[in-house]
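Each remark here refers to the structure printed beneath this line.
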Amino acid sequence: MPDYFKPFRFISIFTISIILIFSFSFLAIGQDTEEEIGYSINDFSPAAATDVVAIDHVYDRGDGVDVTWTLSADDNKFSEYLIFRSENGSSDFVEVGLVLPGFNSYTDKSVESGQSYIYKIGAVYDGKIVESELSNIVVPDTEFINWNLLNLFIIGLLIAGAVIYFIAHAKAGKKLFIRKIAGLDAVDEAIGRATEMGRPILFIPGINDMDDVQTIAGITLLGRVAKVVADYDIKINMPVARSLVMTTARETIREAYISAGRPDAYNDDMVRYITDEQFGYVAAVDGIMVREKPATCFYLGAFFAESLILAETGNSIGAIQIAGTAMPAQLPFFVAACDYTLIGEELFAASAYLSGEPKQLGSLKGQDVGKLIAMIAILLGVISVTISDAWGVTFFDSLYDIMRSMFTIRN
Amino acid sequence: MKKQVPVVITFIVGTVLILSVFFPPAERLGEDFSIFFDIIAVFAFFLGGGNLIRIHTSKIYNKRQDWGFSVVTICGFGLMLMAGLFKLWNPGGIAADVAATGSLFQLMYDWIFNPLGASMYALLAFYVASASYRAFRAKNIDATILLIAAFVILLGRTPLGMYATSWIPESFSIMQIPNLAIWIMVSPNLAGQRAIMIGIALGVVSMSLRLILGVERTYLGVDND
Amino acid sequence: MTNIGLILSIAAIIGGLLWLTIRSLSGREVERRIIFLFIGIAVSVPLLFDITFSEKATPIVKGVYDKVDNLPSGSVILISFDYGPSMAPEVEPMSNAFIRHSLAKDHKVIIMGLWATGQSLGASAVENVIKKEFPNKIDGVDYINIGYKAGNQGVLNVIITDFRKMYATDVNGVDLDSVQIFQGIRSLKDMDLMISVGGGFPGIKEWVLFAADPGNIPLAGASAAVSTPLLYPYYPMQLIGLLGGIKGAAEYESEMKKNYPQFADMPTPGIEMMGPQTLAHMVVMAFIVIGNLSFFFAKRRKE
Amino acid sequence: MEMAELIGIWLGAFLTLGIISFLYGDNPWYKLCEAIFVGSSAGYWFITLFWDNIYSKFYVGVTQDGNYMLLIGGVLGFLMLMRLFSKIGWISRWPLAFVVGAIAGFYLINYFSSNVMFQVNATIMPLFGSGYGDPIFSASFGSVINKIIIAGGTFTGLVYFFFSKEHKGAFGATAKVGIWVIMITFGASFGYTVMSRMSLLIGRMDFIFGDWLGLIK
């Protein structure tokens, strides 16, 4: 493990164990108090929290301060701790937050960089506030690099690097094997069927806007489908729910017609905007389906409740249906009601797969490296934590710590 | 110029946004960019709305089949725009919130939009039934597994499952249908969800990289290479 | 009278299903309109004859209930209306239950929405629940509706650092700086609990990814049953609890009724809606069984 | 009952039944409802987007808050309109390229940290203990099985998604288990969803029988 991890690991384990110990002891003590309830409250003056320390919250824009304190000996008598803050000690103290008894830290995220602050802790007991001594003066500071996210950066770099490496690798002409994806091998067949029947193809890119990667994946697939469509001279019908998707889809289809050498056959009306409203859009698409009876329907993009309405209406008109989405809740409906379904990740892989370009296929290889990393992490992690938990073998202890710290997002 | 500039823009914007996560002073960039997107989306609506008007007016003009319904669509669109832009009947006048109670905009929402949306959504119940009858069949092992899992969950959500299996002794209580249903939800279901989620995320990473690196540019109407 | 109608309709459903079975088994096509008709009847009958069942809270629902119950009074709870009218019948009972429970515990409630449609639904919750049932709660002191802002998860990205960058005023145009409830509140990080009620995009998932995780703020969810399985992986690490569909609502309502005498007469749409649900479920299960039986017999005949 | 409310209810019933009539088949009543829905909802969304984005965020942001960064967004939006002129229509690719770049960057990081890192982290758990550091074998037999299923199911599910290896032999068998786990997930999702779908219909029926016909008290 790299040296620079150690302090963070130490600090986090230390903090967690402190919190755990205190909360357990709180629980343990808490059980006794029920019997002591008759105890005369009036003569009792509980001790305040002590050792209030305020330090700058690391790796932020200077808008956070971490306050810690030592719990009062009478922790279990309090209903809550209030955190008070004063600017410079000159202004009045205002309450900025509260935590339950048993907890001894709070992160104040409402400060400004460069300003100086002083804190104190008020423990609330029977409606009265028992105040602590003042903390040190703290000046929150802006850091330029968030070292907390180093692990995210490293693993991200590893996976992104793998994708880029295989793209470059494939560019150099190396052969890559990619397994068959059933739904995609059916695309040509489905379009062929529309040609035979002389009926249009319906393409639905989901109902989200271009600010969803699934829509972008749907549009890239449209590019591949449109190429075949342009070759065969079939009518493609694409009602959309977003204006931005409309303009993008038009560009894509136009380009496909141009590269097929038939720019005249292209027509802007192939893509039309219906409405942004989910069910208004569905109402219109359902109407289009029963009136124009498309031979083939593609549903590729982000779908919500409308998935089954579309798929069942499509089924009732006897269309071949190919669906793909990364919306797990809608997948079962597509799987049941459509002929082929691209499940989650396959939707994003589809355009690369269909393009057959080595560069694109290379990125799929890189993606597999990501899966491999996740799988190894799960395997190693589970084994090491199980062994270290059960038998306390030091080697596995540290292996587990490495796995944990590699996959924990800290804030 | 036509082909290279967009690719360069995508590359720079994507890279900057990824890196901004690691630099706290730049962490607000994501916010600003999402506001940019909202503004672009409204401008794009002029194209979409224009398309809507053009398609329906040409249908009316050419007296194509069902042109009467196009008149209704245009009227609905126009009326909603007027009501919203000029805040017609709005008790607070032009300065008030567009959806203030009593305004024409809000009335149209409550009277027209609301029942239509809810009814369209309600159609789903019927389609769920027809799909259960037609599509959920034990055609092969995969489909059978799906079917059994679905059936157990369905049973677990009704008192029927409780009555049918309440005779099972406490030590085997996991076999009681409601418990079995919860177990499926939190155990194998969780595993499947995780695999799907991790897969999707890696798919997104790879797709995003293809976009940022300009390997995939079909969406720009630019041929790859 | 009610009983006769009930018995007659149940007999009709059972008779119809038998007819459907015989017809399917003999290999004849059943028109989908007949299937549609069945569902229509199965849903209408319990509605007309008012059948209900009692519920017990599962741990995942109890998680939310206990959190709201155990927060010290005066805590700030944010409820986000992330749904439209089409989803309202299913999730509105939950948002109403949260509002009732929070106000009864003297918590402060901030209402907002990530869906455009959520704004007016939030406003109608204020009108129909708060103003009617809690007449002495004051707008701007005990509760506030700050409404909807466009931008989906982008909104969360902003308000996790500063509310006022997104929201200058509440829905009535009142400056946030001038309302008492917002004194000392700068961002989402000042919330004691956030509850997202919804089931689509943007929704609970976005709240987890863009608010609860980065800000480390307790979040509970109430979703349409359809999106609930998708959200289970976030429980219990990223979500303290989750109400799934009408069943979740019914469980929450039962729990409130059990512990708060003042809620004995409150409307319980969740509990009431479970009656037709149950019957509709049974009909759907019957369809699956009949469909598979006929599939099985057709296969045997072929062999 | 108030006149306005009465109109609202009758209009609502008319539109509701029109949409439901689609179940029988396409018909003029449905077509009318569809036309009303498409027109009014397109208008509704434009108005909402206009007041929220162009007015509140853009206009107010620039003129009152002096956030001139927003002007870049305005310019990008304006470039989008170049689409209307076929000669310089290609300029509209710039804002599009911007949107796609921003989304790619945004999603890459967010999905990666929340879906990969978090889910992998959540899957790493001791199989025998009920929590890290608890006494050995304190967990029940059932919980051990559960944890094995969760970790193993996630693992095999990922094997299913592998693209660069044919599903054959031991690898193929693992992938097969993976797709079974995924099928259970889909089944569970379906079973769960049925309830949600029914409640929406119940809501509508409640409106028809209760609010409109007054058959439910």
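Each chain carries a letter (A, B, C and D) given by its place in the written order, and its residues are counted from 1.
Everything below uses one rule, namely that contacts are C-beta pairs under 8 Å (C-beta built on N, C-alpha and C of every residue); 3 or more make two chains touch, one makes a residue touch a chain.
Worth saying up front: this structure is predicted, and the values here are computed from it rather than measured.
Asks: Applying the document's contact definition, name the chain pair with more C-beta pairs in contact, B-D or C-D.
Replies: B-D
Asks: By Cα centroids, which chain is closest to the centre of the whole protein?
Replies: Checking distances from each chain centre to the full centroid gives D.
Asks: Nearest whole angstrom, what separates the Cα centre of subunit B from the Cα centre of subunit D?
Replies: Inter-chain centre distance comes to 4 Å.
Asks: Whole-Å distance, subunit B centre to subunit C centre, using C-alpha means?
Replies: Centre separation, subunit B to subunit C: 18 Å.
Asks: Could you please state the distance in Å, as a whole number, between where the Cα atoms of subunit A are centred and where those of subunit D are centred?
Replies: Those two chain centres are 13 Å apart.
Asks: Listing for subunit C: what residues touch at least two other chains?
Replies: Touching at least two other chains: 32, 36, 39-40, 43, 84, 86-89, 150-152, 161, 213, 226, 229-230, 233, 247, 277, 280-281, 284.
Asks: What parts of subunit D, by residue number, touch at least two of the other chains?
Replies: Residue numbers touching two or more other chains: 19, 22-23, 31, 33-34, 37-42, 44-46, 48-49, 52-53, 57, 80, 83, 93, 96, 99-100, 103-104, 107-109, 112, 114, 116, 118-120, 122-123, 151, 154-155, 158, 161, 182, 185-190, 192-195, 197-198, 200-201, 203-204.
Asks: In subunit B, which residues are in touch with two or more of the other chains?
Replies: 21, 28, 30, 34-35, 37-38, 40-41, 44-49, 52, 109-110, 113-114, 116-118, 120-121, 123-126, 128, 130, 132, 134, 136, 146-147, 150-151, 154, 157, 185-186, 189-190, 193-194, 196-200, 202, 204-205, 207-209, 211, 219-222
Asks: Provide the residue numbers of subunit B that touch subunit A in the complex, in ascending order.
Replies: 21-25, 27-28, 34, 37, 40-41, 44-49, 51-52, 55, 113, 116-117, 120-121, 123-124, 127-128, 130-131, 134-136, 146, 150, 193, 196-200, 202-211, 213, 215-216, 218-225
Asks: Which residues of subunit C touch subunit B in their complex?
Replies: Against subunit B, the touching part of subunit C is residues 30, 32, 35-36, 38-40, 43, 53, 58, 84-89, 119-120, 123, 127, 147, 150-154, 157-158, 161, 165, 171-173, 229-230, 232-233, 247, 277-278, 280-285, 287-288, 290-292, 295-296.
Asks: In the complex, go through subunit C and note every residue touching subunit D.
Replies: It comes out as residues 33, 36, 39-40, 43-44, 47-48, 50, 86-90, 116, 148-151, 168, 199, 208-210, 213, 224-226, 228-230, 233, 237-238, 244-247, 273, 276-277, 280-281, 284.
Asks: Within the complex, which stretch of subunit A touches subunit B?
Replies: Within the complex, subunit A touches subunit B at residues 59-62, 142-146, 149, 152-153, 156, 159-160, 163-164, 167, 209, 211, 213, 216-217, 219-220, 222-224, 242-244, 246-248, 250-252, 254-255, 259, 269, 272-275, 277-280, 282-283, 305, 308-309, 311-313, 315, 326, 328, 331-333, 335-337, 343-349, 351-352, 355, 357, 359-360, 363-364, 366-367, 370-371, 374.
Asks: Contact residues on subunit A for subunit D in the complex?
Replies: Listed in rising order, the residues of subunit A that touch subunit D are 151-152, 155-156, 159-160, 176-179, 181, 210-213, 216, 244, 247-248, 251, 273-277, 279-281, 283-284, 286-287, 290-291, 305, 328-329, 331-333, 335-336, 343-346, 349, 353, 364-365, 367-368, 370-371, 374-375, 377-379, 381-382, 385-386, 388-391, 400, 403-404, 407-409.
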